[in-house]
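Note that the chains are named A, B, C, D and E in the order they appear, and that numbering of residues resets to 1 at the start of each chain.
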Amino acid sequence: MKRPDITTILGILIGGGLVIIGILLRGNLGEFLDWAGLMITLGGSFGALLVFFRAEDIKMVLQVTKQAFVRSDEDVATLNERFVNLAQKARKEGLLVLEDELDEIEDPFMRNGLRMVIDGFEPDAIRHILNTELESLETRHQLGQNLYKTWGTLSPAFGMIGTLIGLIVMLAHLDDPDAIGPGMAVALITTFYGILLANLVFNPIAGKLSVYSEQEVHKKQAVIEALLALQSGINPRLLKEQLKAYLSPAERERVEEEERRAREEKEEDVMLDV
Amino acid sequence: MKRPDITTILGILIGGGLVIIGILLRGNLGEFLDWAGLMITLGGSFGALLVFFRAEDIKMVLQVTKQAFVRSDEDVATLNERFVNLAQKARKEGLLVLEDELDEIEDPFMRNGLRMVIDGFEPDAIRHILNTELESLETRHQLGQNLYKTWGTLSPAFGMIGTLIGLIVMLAHLDDPDAIGPGMAVALITTFYGILLANLVFNPIAGKLSVYSEQEVHKKQAVIEALLALQSGINPRLLKEQLKAYLSPAERERVEEEERRAREEKEEDVMLDV
Amino acid sequence: MKRPDITTILGILIGGGLVIIGILLRGNLGEFLDWAGLMITLGGSFGALLVFFRAEDIKMVLQVTKQAFVRSDEDVATLNERFVNLAQKARKEGLLVLEDELDEIEDPFMRNGLRMVIDGFEPDAIRHILNTELESLETRHQLGQNLYKTWGTLSPAFGMIGTLIGLIVMLAHLDDPDAIGPGMAVALITTFYGILLANLVFNPIAGKLSVYSEQEVHKKQAVIEALLALQSGINPRLLKEQLKAYLSPAERERVEEEERRAREEKEEDVMLDV
Amino acid sequence: MKRPDITTILGILIGGGLVIIGILLRGNLGEFLDWAGLMITLGGSFGALLVFFRAEDIKMVLQVTKQAFVRSDEDVATLNERFVNLAQKARKEGLLVLEDELDEIEDPFMRNGLRMVIDGFEPDAIRHILNTELESLETRHQLGQNLYKTWGTLSPAFGMIGTLIGLIVMLAHLDDPDAIGPGMAVALITTFYGILLANLVFNPIAGKLSVYSEQEVHKKQAVIEALLALQSGINPRLLKEQLKAYLSPAERERVEEEERRAREEKEEDVMLDV
Amino acid sequence: MKRPDITTILGILIGGGLVIIGILLRGNLGEFLDWAGLMITLGGSFGALLVFFRAEDIKMVLQVTKQAFVRSDEDVATLNERFVNLAQKARKEGLLVLEDELDEIEDPFMRNGLRMVIDGFEPDAIRHILNTELESLETRHQLGQNLYKTWGTLSPAFGMIGTLIGLIVMLAHLDDPDAIGPGMAVALITTFYGILLANLVFNPIAGKLSVYSEQEVHKKQAVIEALLALQSGINPRLLKEQLKAYLSPAERERVEEEERRAREEKEEDVMLDV
């Protein structure tokens, strides 16, 4: 299940809002709007971005950016539970019975892997194919991060180019001393744009994409390990222990709490039975 | 046992105190208080941080920060001694007798590992599970460090954004020459905030978290090695030698000093017996 | 097939065009033309580049730069199809029959590899030779990227050297206050050149070369894997699955869509036959 | 044998002396003494250092710093000769005879390793223990380097904080134009302190510690290899060849020159005998 | 065969010449000569370099620098041909016959390796010894590069120290407004020296040393592989194929062209014979 990542939106709103309030406290917003400056900073850096990357990567930008605003909800704990259930079923009724589960799996990576397990591919081949796929995934993820990181480097640079243009023009016409101040003010606006865009939008989005990428790779590594253990006919209890290692302490505590409670209830049942 | 890490607190007090004294020697503190500037620098960079990381990571910040102010006291030497004792016991009475020791172990990592040893898991499985857990731990630790390092990069950037706002407003109204000085003074304050916060608080805390993380990973690597040696029924004397390699020269000297003294006392006893 | 990479050219045109429009909106282009400044920035940094690299590397620059403006069209999907066909042919009629295909292969890396497969070289020798070749290729690619990255570092540095020259000369003759402004304007132009060249030309070209290099290495890794699988007499269906791991999700979807359609048509044929 | 490292002391004296002469040529030293500024730069950055590292690491600083001013003299060539002698002795009279040599070995790493060889530990255990010890050593060395590198980053930052304080105070009281110059002069002094300390003291000491660390690790790697070869009863001639690989070309030439001379003398003896 | 590397010298002449022309176009050279400034920038950074490195490394500087101006001519293609000839000879007449070739080999690395092959050392021992030697070589090379890279960082820093000295002195004596300009001009000269030295001399020389180091390591890796293949009695034709992987495409094309021509001539001979 996917739902919007509120922090990404909230962060931009808070950061941008505080900067606007800061401007309003000292001057007025109008002085900070300069379409020519925005064109140099944002448009110029986008032009350089077109040189940096391929056409298809630029198209991917929009798709990739969406990911920073949306989050997937299935956590590793739910995933582990699912695999322990699969392992129990496979132990009792054989691997072929898992065929019925295939359609319920949304994640194509996991579905593809499970299908190979059922089809009886060699464990080494499965590991190799899934690892190659995971590496391709990481490479694609890194491309998205690189694109925003690069934009985060280019936008202050083009901001400075805009400022240099403003300064040079202003300095070349120093006859009118009254024009110095406003000239410099206009010149500095592109630097302001460049640094703000880099530090509130481009770099943080690159960061969020990187955090999500790590999370997904971590989950997929657990999937690979679980699939291979499943194929080897692992004891579900050992699989549970193995997969626990992928949990954060908070998740692990929750899982162990649930286990304890389940055991106690069982024991109570047993005692009541007696 | 945990106790407060005095150096972290002391360092911030000393660094901050000296800066304040420096201010008092040259001007007065009032000129350095600017709520709007603090809002842009600290609030704006926090907004960008919300874009960078996930909501749950931001929550972890407070918990993680506490770790930089608190230190664990069990050192590697004590740990080694403990394992040598466990090894002696296991050699004499078998691994199952260690079950009684399980409840005395506070560290869940070590307790979990010892339980797997007692339960007779395969050595390779134990190593694999504990290593995966250790990697998860490192990943989590790095998240905390990254968060503060990122804040340490963002806060001077937002300080500069504040300064640019101040400069642009000031330069756009250059009519009153008397306002230039104070205007620039106010503009520079956010840069001052940004650099001070980054270099006295954010970056150093990231550093302390990294030092503690390395220390814990080092200790846990010794635990993994000791647990596997324990399971293999290692000679306690060899285990002692193996674990010594994890000690710093100071610790090792202390340990060897104690050994020498113990041996001498024994020899004296023998001599007295004779 | 090779065709021009429009984004590279478009990017430089857009970025450069927006900067020129920005200049025209504020002043006039004539103020931004300074042959002496261009000589220091571009010529000086090229001189430093001659110290940095060997004569033959400098010659390679032109050849390498062309690659950033031209793109190869054979994608991994087409490549995979080709290898699956080769595998089917080899399974039916033996490896030697592939000799006829050799002349149709344009890529010398793939042709050389297939020739070794047909000649019956040991798999380990083939892997070793092709990997060494791939590493040599990567090293050569990195040289091209390094050269432009280095130029991207040198050009702002020489821009600053030019600005320092202008400032020092201007400051040494401060008698005429009217000369201050134009003097500083001229001084700043080299910094403008240096930053613009680095961020619109040198660094982005280094980036594009790096993107193309990664793409080619990725494709060649798929070739190595496919060649070795071919030699081992792999089941074409498994090879297809293995090579799919090298596809991006978009390519994979397209391929799977085609497969589904092909299967359905077959089924329809079967049904019509019945 | 240890003796003072003259270059470290000489370097600081030369660098510092030239800066002082440079000051004297332009102004007078008194203008560059500002106790409040030194307090902010050196004291403030030391405070941040306390947050960065643990109390025991800070204590280690003094001990570590000493190492940058003192150098050990036993070179790899002498070490190799020693091991070839040990190997010859061990081949003739067995490993146990080396027990007598133990007390003559100063380096605890080598003594500890040789003791394990004599005690008949498994080669894999010896390699594992010594490698773990070597890694611990590297980690400790890196801590010392990190501390100085960190100080080298913090001191210009606190220098800039001092300058910002001075600028803000000066700008807030711009009434008296005569105070602008001296105010800015005082403000810039902390930046001067910060950059000078970082580039003449902190960063170079970190560099020297790193050079010595690499040298020691290199030597200890040769020790590990030699110890294991010793245990395996290696031919002393092969050991000599193996250890030669650790020598620099200058050392190697010297060693081979000595060998040639020794051989010639032998041959002359033989000829005289005849 | 060694011959001067013209690009290194040419690059410094071109870069330096263009800077001087740039100066002459705007002012006169005399304003850019400041012995005190040169002393602070070059002498001060050299002092810091003495702290950074050991006395023997500083001595190595001169020797190392020479390498950036001299280039070795034996390319990988010639080397490969040589080894294929050795392999043919060894196949026909045995490895011992190669003893006669030993004296003709100039490169001590290759001669030493071939001697071990003839002496019948174990392949693993040969690989281990040569790899250790290659690592030592890389470490030494990196030292030279590090030294120049470090100087390239220190020289702008000391340039800035010189500028700060000039600014502080000038600002402390702001009474005479006519002295401001020339004072700042003199102050900026050290920054000019520092950036020019770093970007035209120190960093580029570090780069050239790194390019030559990579080239030599690449060649020596081919030597190691060829020596071990020689010992294993490899088929000269396979060795030729293996070593081709170390060639650049240009070299490879040339070699294959020669092969084709040789083959055609042979065929012509055969046809003429018929």
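Keep this in mind: a residue touches a chain if its C-beta (ideal position, glycine included) is under 8 Å from a C-beta of that chain, and two chains touch if they have at least 3 such contacts.
Computed from a predicted structure; not experimentally measured.
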Lowest number of touching-chain links that must be crossed from chain B to chain D: 1
Shared chain contacts [chain C and chain D, defined touch]: E
Rotation in the CA alignment of chain B with chain E, degrees, nearest 5: 145
Homomeric contact chain A-chain B: same or different residue positions, threshold half: different
Separation of mean Cα positions, chain E and chain D [Å, integer]: 26
Distance between chain centroids, defined by C-alpha means - chain A, chain E (Å): 42
Junction residues of chain D, two or more chains touched: none
Touch-based graph of the chains, sorted into line, ring, star, complete or other: ring
Going round from chain B, first to chain D: chain order: B, D, E, C, A
Chain A contact footprint on chain B (complex, rising order): 36-37, 39-40, 43-55, 57-58, 108, 116, 121, 125, 128-130, 132-133, 136, 139-140, 150, 154, 157-158, 160-162, 164-169, 171-174, 186
Residue numbers on chain B that touch chain D, as the complex places them: 5-8, 10-19, 21-23, 25-27, 31-32, 68, 71, 178, 180-182, 184-185, 188-189, 191-192, 195-196, 198-201, 203-205, 207-208, 211-212, 214, 218, 238, 241-242, 244-249
